[in-house]
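There are two complexes below, and they share chain A, which is joined by chain B in the first and by chain C in the second.
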Partner chain A sequence: MNESFGDVAIQEGRYLYAVINSGAEFDFGDIGINDNKIFTISYEDIAAVVHSCQAEAYKTNDNDKAKEWILAHNYVIDYASKQFGTVLPFAFDCIIRGNDETIKNWLIRNYEKLTKELKKVENKAEYSIQFFCDQKKLQAMVTNSDPELKEFKEKMDKASKGAAYLIKRQFELKLKDAVAVEISMLANDLCSKIKEHVEILKVEKNTSQVPDKYMEMKPIAAFSCLVHDDKIENLGEALDVINKLDGFAVRFTGPWAPFSFVEVKDD
Partner chain B sequence: MKPQRDNTLVDLLDRMLNKGIILNADVIISVAGVPLIGITLKAALASIETMLDYGMMEAWDESTREWYKKDLANRNGKIPLIEGETIFLNLFGFLWSSHGIIHEWRPGTWHLTNKRLFLWRKEMLFEIALDRIGELKVMTETHLNMERNVLILEHGDGVERIYVSDILVLREEILRATATRHEKTFPKEWVVIEQ
Partner chain C sequence: MSVNIDEGNIKQGLLGLVVALVEIIQEVLERQAVRRMEGGRLSDQEIEKLGLALAELKDALENIKKDNDLDATVESVRGDLDKVTNDMICNLIGSPGLEQGLKRHE
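Here is the complex of A and B:
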């Protein structure tokens, strides 16, 4: 398809921010990455939110610049969400080589998938939930409920220096396993407590670095959840209960555009 | 508790670089520039290995469930099924094991079939024929102040404590499986004769 635009047009590109649930033309102003002018390209009742650029990826080794771009990308998505309701967000640095017509063709080709996804996220938003647990309390609890670990501990206290070292190694290995199992079970417990308030729950492999106030705590589970606007208060209440439990902390962030829940593969 | 948007950047990073609509067509210029993000930013993402190790993904994440199941099957090796045995349900979970001084929750995959219930992780950790399953009770225990439902399974030789993500589903399925089995193997009149 690219070839049809010839050598001149091939240099032209469109940076994509989101697909919205409206065919209306809309001028967002110069709020894009590097203050680019943001506008919509529509087909029927949906539109892509874009800015015009060179057909070249945004790259930098400068962390501050990168941060600025990431925040600008999200700002446009947030702005679009405020105007048009939940949008389908694009990953950073998605640029289509071509012009408005190319984008329109892309919308036509993917119209069914896009409208289906828009329907799925309607009146919903993404939230991130991270659970933390007090490391020392967790270890103490696990040790106390396990006679073998308890005995190890007692042996350790009585043993000579050399022997104590070996016992300590064994104790630590066993404790590590027992704590891992307990964390996995706690994560399950937490899941069952929030499940009813969310539409879709995704387990996250990564969690952002522990904020200062949770420094002493161990992350035990991280989820991205797609939550209906009507249920957000109930979810907050359920999390409140967990957050108030001795030894637990919850980090609850959002709303975000449904980054974790858009499943559009352009094939 | 109200959702916050403090420290926005770290929350956005993972989403924007690895998620959202990603184009695969030839029109694409670039996807989520890995070279874009400096080391300090990437370091902001920590991983939670434990959950993955113990099959949290299979239990909760629809999208990776298929992948994880295959992976688990590969790691577990072939599960030995009896002839004519079909699996109704498999769920990641635990069994409380208490032998001598060793007391621990043993993780594995619970398999419910038309013949038995068993826990498998690389090897057979526990198995029981459906007709030996007695009463099933759901008990609420408290761990670190948090409530946890555990399934208590009674049988001729004792009592087992079982933990899975969704206790009620497992209980219901076991009840259904045992009911069907009883109907098939022991029609009502036979049971009467036996008694």
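Here is the complex of A and C:
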């Protein structure tokens, strides 16, 4: 994101990491992207965490460099979270064209919206929850609980070679549909089990980024959750119960800055 | 939208793509055959003939994959195609059932 604010038509910019719940001026040191000096620009009781830069997006074809930048970006956000509690994090490469005054004016213009968002995430953090199940165990469970599916094996044994092949395919297609229905029911059930422990729950569609440990398992559902610090233990216990069920696994990661739950658009 | 084929070996990558597409066509044919069988539109003789032909096609594809060491390539192409298709479906029809389930819980 590379935005233009106000009427400052110069090439100076400020790289925005986060907005914090404090008006204190604070020097983070040279911990930013490319070792830039990180500082705050405040208005009333909030402040933007920034570094000074040219108003140009960070671009590189070097993957290692890109990773280094993103790690530095996240490190600043984590550091700010440790110092000031939950922050409003911004995505990588959010640069505002202008100077400190431009940022201050942006804070003034969006003060109500930003304080409301800060209140929303106060004492809370984002967590990621992914549920997996053992595909073979799930298939066996579905087959055993469905009399129609159980009958197929008998039919296959009695049939001639060509017919047996089609009956086997018929069985596999029905099993696939039945497993999909079961997964949908399980996902809703898991969702209802964790819902009471979280403030906001979002379904994540992409579950492809999983460690090798879970690669052999079938992803059932993935959620991003905004969780209050007081409820994290209860959520952990609820997930532990699910994790101990035969054929199930839970991947629970966090705390993260609440990237999935903050939306700040300039007026 | 892109499908990655093995750039290190164009011949294997291309063969893998062809086999992956034939596999998909075969699966469509099998679904049609099963549907007709379930609908009672095939005689016992036709079921047997169709089943044998599809089983032979499957065996032939498995042999081609084995002889040319294509298992990983075909799996990768099919994975990419699945992802493209899933993304397209999600974009066209919006969120899947789980999100509707979530709303019901609220």
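Please note the rule applied: the second predicted complex is superposed on the first by the 250 of 267 C-alpha atoms of A that agree within 3 Å, B and C clash if a C-alpha of one lies under 4 Å from a C-alpha of the other, contacts with A are read in each partner's own complex, and residues count from 1 in each chain.
The rule is simple: contacts are C-beta pairs under 8 Å (C-beta built on N, C-alpha and C of every residue); 3 or more make two chains touch, one makes a residue touch a chain.
Keep in mind that this is a model prediction, so the values were computed, not measured.
Contacts of A:138 after superposition on the shared chain: chain B is touched, whereas chain C is not. With both structures placed on the common chain, the touch criterion links A:169 to chain C but leaves chain B unconnected.
In the superposition on chain A, contact is made by A:187 with both chain B and chain C.
Judged by the number of chain A residues each one touches, B leads among chain B and chain C. When the two complexes are overlaid on their common chain A, residue A:21 makes contact with neither chain B nor chain C. By the touch criterion defined above, A:160 reaches chain C but does not reach chain B.
Of the two partner chains, chain B is the only one that A:252 touches; chain C does not reach it. In the superposition on chain A, A:86 makes contact with neither chain B nor chain C. Within the superposed three-chain model, A:42 lies out of touch with both chain B and chain C [touch as defined at top].
Once both structures are placed on chain A, chain A residues 184, 187-188, 191-192, 201, 203, 205, 208, 221 are touched by chain B and, in the other complex, by chain C. By the touch criterion given at the top, residues 1-33, 35-38, 40-41, 43-48, 50-57, 59-64, 94, 101-105, 107, 143-149, 163-166 of chain B touch chain A in their complex. Of all the residues in chain A, the ones that touch chain C in their complex are 160-166, 169-170, 173, 184, 187-188, 191-192, 195, 201, 203, 205, 208, 221. Residues of chain C that touch chain A in their complex: 30-31, 33-34, 37-38, 44, 47-55, 83, 90, 95-99, 101-102, 105. By the touch criterion given at the top, residues 1-2, 13, 16, 19, 55-63, 66-67, 69-71, 73-74, 88-98, 102, 106, 126-128, 133, 137-138, 141, 145-148, 151, 178, 180-192, 200-211, 219-223, 232, 236-237, 239-240, 242-243, 245-248, 250-257, 259-260, 262, 264-267 of chain A touch chain B in their complex.
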